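These notes are about the structure you will find just below.
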Amino acid sequence: MNDTDRKPTRMVDVGEKDITFRRAVASGSIRVGRTVRKAIDAGKIPKGNVLEVARVAGIMAAKQTAALLPLCHPLPIEAVSLHLETDDETVRVHAEVRTHARTGVEMEALVAVSVACLTVYDLCKSLPEGQSAVIETIRLKEKSGGAGGHFVFPGSSGKGDGPCDSRS
Amino acid sequence: MNDTDRKPTRMVDVGEKDITFRRAVASGSIRVGRTVRKAIDAGKIPKGNVLEVARVAGIMAAKQTAALLPLCHPLPIEAVSLHLETDDETVRVHAEVRTHARTGVEMEALVAVSVACLTVYDLCKSLPEGQSAVIETIRLKEKSGGAGGHFVFPGSSGKGDGPCDSRS
Amino acid sequence: MNDTDRKPTRMVDVGEKDITFRRAVASGSIRVGRTVRKAIDAGKIPKGNVLEVARVAGIMAAKQTAALLPLCHPLPIEAVSLHLETDDETVRVHAEVRTHARTGVEMEALVAVSVACLTVYDLCKSLPEGQSAVIETIRLKEKSGGAGGHFVFPGSSGKGDGPCDSRS
Amino acid sequence: MNDTDRKPTRMVDVGEKDITFRRAVASGSIRVGRTVRKAIDAGKIPKGNVLEVARVAGIMAAKQTAALLPLCHPLPIEAVSLHLETDDETVRVHAEVRTHARTGVEMEALVAVSVACLTVYDLCKSLPEGQSAVIETIRLKEKSGGAGGHFVFPGSSGKGDGPCDSRS
Amino acid sequence: MNDTDRKPTRMVDVGEKDITFRRAVASGSIRVGRTVRKAIDAGKIPKGNVLEVARVAGIMAAKQTAALLPLCHPLPIEAVSLHLETDDETVRVHAEVRTHARTGVEMEALVAVSVACLTVYDLCKSLPEGQSAVIETIRLKEKSGGAGGHFVFPGSSGKGDGPCDSRS
Amino acid sequence: MNDTDRKPTRMVDVGEKDITFRRAVASGSIRVGRTVRKAIDAGKIPKGNVLEVARVAGIMAAKQTAALLPLCHPLPIEAVSLHLETDDETVRVHAEVRTHARTGVEMEALVAVSVACLTVYDLCKSLPEGQSAVIETIRLKEKSGGAGGHFVFPGSSGKGDGPCDSRS
């Protein structure tokens, strides 16, 4: 008896693909409620400097993507930037990752956003309503490079309008 | 000049808290679209066995929570279970984590759900519309143990109705 | 007094070697006994989906090779596949790893096989005779690339007859 | 459509088990051939101090067991010792792990032995016949603690005759 | 031939020691020069928020101590705080770690200080004189708990005067 | 309200830099006192083979540099060597790292030295005066490659006189 009854789980071979410039932008947000958002803006979160800690955690997590996601390829990473901003009840997160590799960095960008949001949750969960925070709408905004070419999330402008461009 | 102008970022001291039973349930979903959802149900995702790989990735990630989130305490973990099911355009994920410790396992459950969703994205992103998948609504459903007592996400039934209970 | 009395342990310099295509196939097996093997075939191992979990663990471990083995070089990995099959009293494992690098991927393939076998042991050890399972005969089957050229384990056919080829 | 058609893969709940003393002894060997074995004895392996590097790698790997094996529980580890000796064509490895926990340390001992053998392979593979080395017969020799009580691999003496006892 | 000619490297058995309160304070500094120190104070280091990033890196590294140092025991960690301040040409770092365990947390505190200093170096090395920065005088200031009792670095006051006490 | 009030912490983009040969040499020392130093020379440190364990730990840590230091780029590493020698009251450590990459390996060399020193401390801390050991003067000795060209720590000879050259 053997295990060939379905297409096997594997890390697909990217060795035939060219090493090209790869860029991906991902976004997400965490709805923390107005009380917590105001506390973030005022620098009054007891555990620490929420936005900066979330940024560092997101950058470090991007580097751990291949260790976290079973079928992801380990890639060199040449740049990671995260942008965080508060708005009404929400912390909005954008991440941009760039490198030259045989495959794209979409997962690195998505992991960076996810871990940044989880870090915000962790630092704020002891505040009133903190545990009710909701991480929402994590998605790939834009991607370029490789045979698949340029992708822009439907509804976006797609002119390189990544949230990180005007700030880094 | 020194760095005492704000409350410093630190891993807060939980040494005075009692070691008690801790349980947390988190949920989330990834909207993959009907085409991809049908492919998952039919076992026709080229990269592999999506739900099982996502489950394994989620369980392993729960154990990496303290390595990923800067201010999280390393905890022994006594149980992790993930439940995944498809529905219309979506894969729904629930994770339950249990242990005896001085602090709760909410972050472990949230990390498990997040990484499971990211893994589904990774395995499906090469399909039509795959890159447009959106990870939605990751939140803590329920939590018990410790001085904070029992938490149930507003609107839930709160009678231990964790999605894992009837299946494990 | 100094520590020069033996050739020092070090990560040897591969900087002068060319970046070429590298491929390695390794194999191994775990003798679980007929009772356990039948339970695996019937999908009745309480802990879970043994072969799939072992496959995922093996792929993830291949990526951790440089972190586990002190003198191994960190390499980009372009492909990993594991094949598992049951036979009489045994689960047989083969792993294939491919990349372009200055040095070979033999250790990545051997680590993948080893961790897959250890995972099978872990999931089956609570069954009757489970603790008596024995991991046997882990070896490099085949290797190509680099100045060392093509290696085939003595006694094998050596025509690219890696167990993964006809299935991926 | 959902994923309840088989018993789900999960980290089983050990929270009801008592924290007791746990001990496990595992063994394995790597057949390197007489040429390599003599080089090891003479301290003439170019890459470095084979047995010591293998020992350190095995100890460090024991601590990574829960990170490597998907369903393993993270445990505190109170003691790890590895014994390595050469014999004719072989390097024999034994590992002993001890702790107080809700579950046993069999996997920690098996991982230590496996990684020690893989490290010997890595340091010796560039020697004549080095690539033909075979890792053989990795198994649990003995285990005590917990509800499962005392286990001794069939055929062993079972009186605490772990290979590490007389040497640490 | 075997490897018993010296006392073997091993993780020593702490299973007989009591679980008690453990606390350690370590300190160190990095001499960056006056130009760089002024840039840190003014928030003008191009790479980012030096002191905060160093603090986060130190806290995260404390949790990786057992993964970095071969013979260190994995411990639960209940609290980590880092204090950084600039002075003339130097950034001074203090770390305090606390837990209940069978062995002390001196290495966790020393690792936190070391990695914080390395992070400061990394963020400042591209400035004038940045590469000439020197990490100096990393040491254990104070330690309590366990059979070894209270240790104070010779010349210190030893009354719980850890640099973190008045600030956390 | 947003987080644009300072230059954001990020992993700077090295994608425009050429892949060139990179080399870095770092040094440091740990003052252990004459009693401990003599014990090291005599091979009488109870925990194990101090210099060899420190060497292995340093090599392994170099590979973890990007995982430890938030803004460091993950790089392939082609060579790592550590040299340790005792002198009077001190253990002196030098590390050399080499690769071809878009950015330098200074941090890898500094991390290797730091972790080697921490490992010496860990193995010696239980001896008389062991806890009073001080890690001193960790610095970059020399660096070459990239647009920044050749750097030599002020006061050094700068002719490729890295401590590892004559021994590897």
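As written, the chain order gives the labels A, B, C, D, E and F, with residue 1 at the start of each chain.
In this text, contacts are C-beta pairs under 8 Å (C-beta built on N, C-alpha and C of every residue); 3 or more make two chains touch, one makes a residue touch a chain.
Just so it is clear, the model here is predicted, and its values are computed rather than measured.
Undergrad: Please state, in steps, how far subunit F lies from subunit E along the shortest route of touching chains.
TA: Contact-graph shortest path, subunit E to subunit F, evaluates to 1.
Undergrad: Specify, for the interface formed by the sequence copies subunit C and subunit D, whether it is same or different in terms of residue numbers shared by both sides, with half as the dividing line.
TA: Both copies touch with mostly the same residues.
Undergrad: Report which of B-C and B-E is connected by more C-beta pairs in contact.
TA: B-E
Undergrad: How big is the gap, in whole Å, between where the Cα atoms of subunit C centre and where those of subunit E centre?
TA: A distance of 38 Å separates the two centres.
Undergrad: When the C-alpha atoms of subunit D and subunit E are each averaged to a single point, how far apart are the two points in Å?
TA: Chain centres of subunit D and subunit E, defined by C-alpha means, are spaced 32 Å apart.
Undergrad: Going by the contact rule already set, what residues in subunit C reach two or more other chains?
TA: 8-10, 12, 49, 52-53, 56-57, 60, 64, 67, 70-71, 74, 76
Undergrad: Chain contact topology under the given definition, line, ring, star, complete or other?
TA: Chain contacts: none of line, ring, star or complete; other.
Undergrad: Go through the chains and record each pair that touches.
TA: Every pair of chains in contact is listed here: A-B, A-C, A-E, A-F, B-C, B-D, B-E, C-D, C-F, D-E, D-F, E-F.
Undergrad: Which bits of subunit D are touching subunit B when the two form their complex?
TA: Interface residues on the subunit D side: 1-4, 8-15, 66-67, 70-71, 73-76, 101-102.
Undergrad: Quick check on the complex: what are the subunit E residues that touch subunit F?
TA: Per the touch definition, subunit E meets subunit F at residues 6-10, 12, 28, 43-49, 52-53, 56-57, 60-61, 64, 67-72, 106-107, 110-111, 114-115, 117-119, 121-123, 125, 131-140, 143, 151, 153-154.
Undergrad: For subunit C, which residues count as touching subunit A in their complex?
TA: 21, 41, 51-52, 55-56, 59-60, 63-64, 74, 76-87, 98-100, 167-168
Undergrad: Going by the contact rule at the top, pick out the subunit E residues touching subunit A in the complex.
TA: Residues 49, 52-53, 56-57, 60 of subunit E touch subunit A in their complex.
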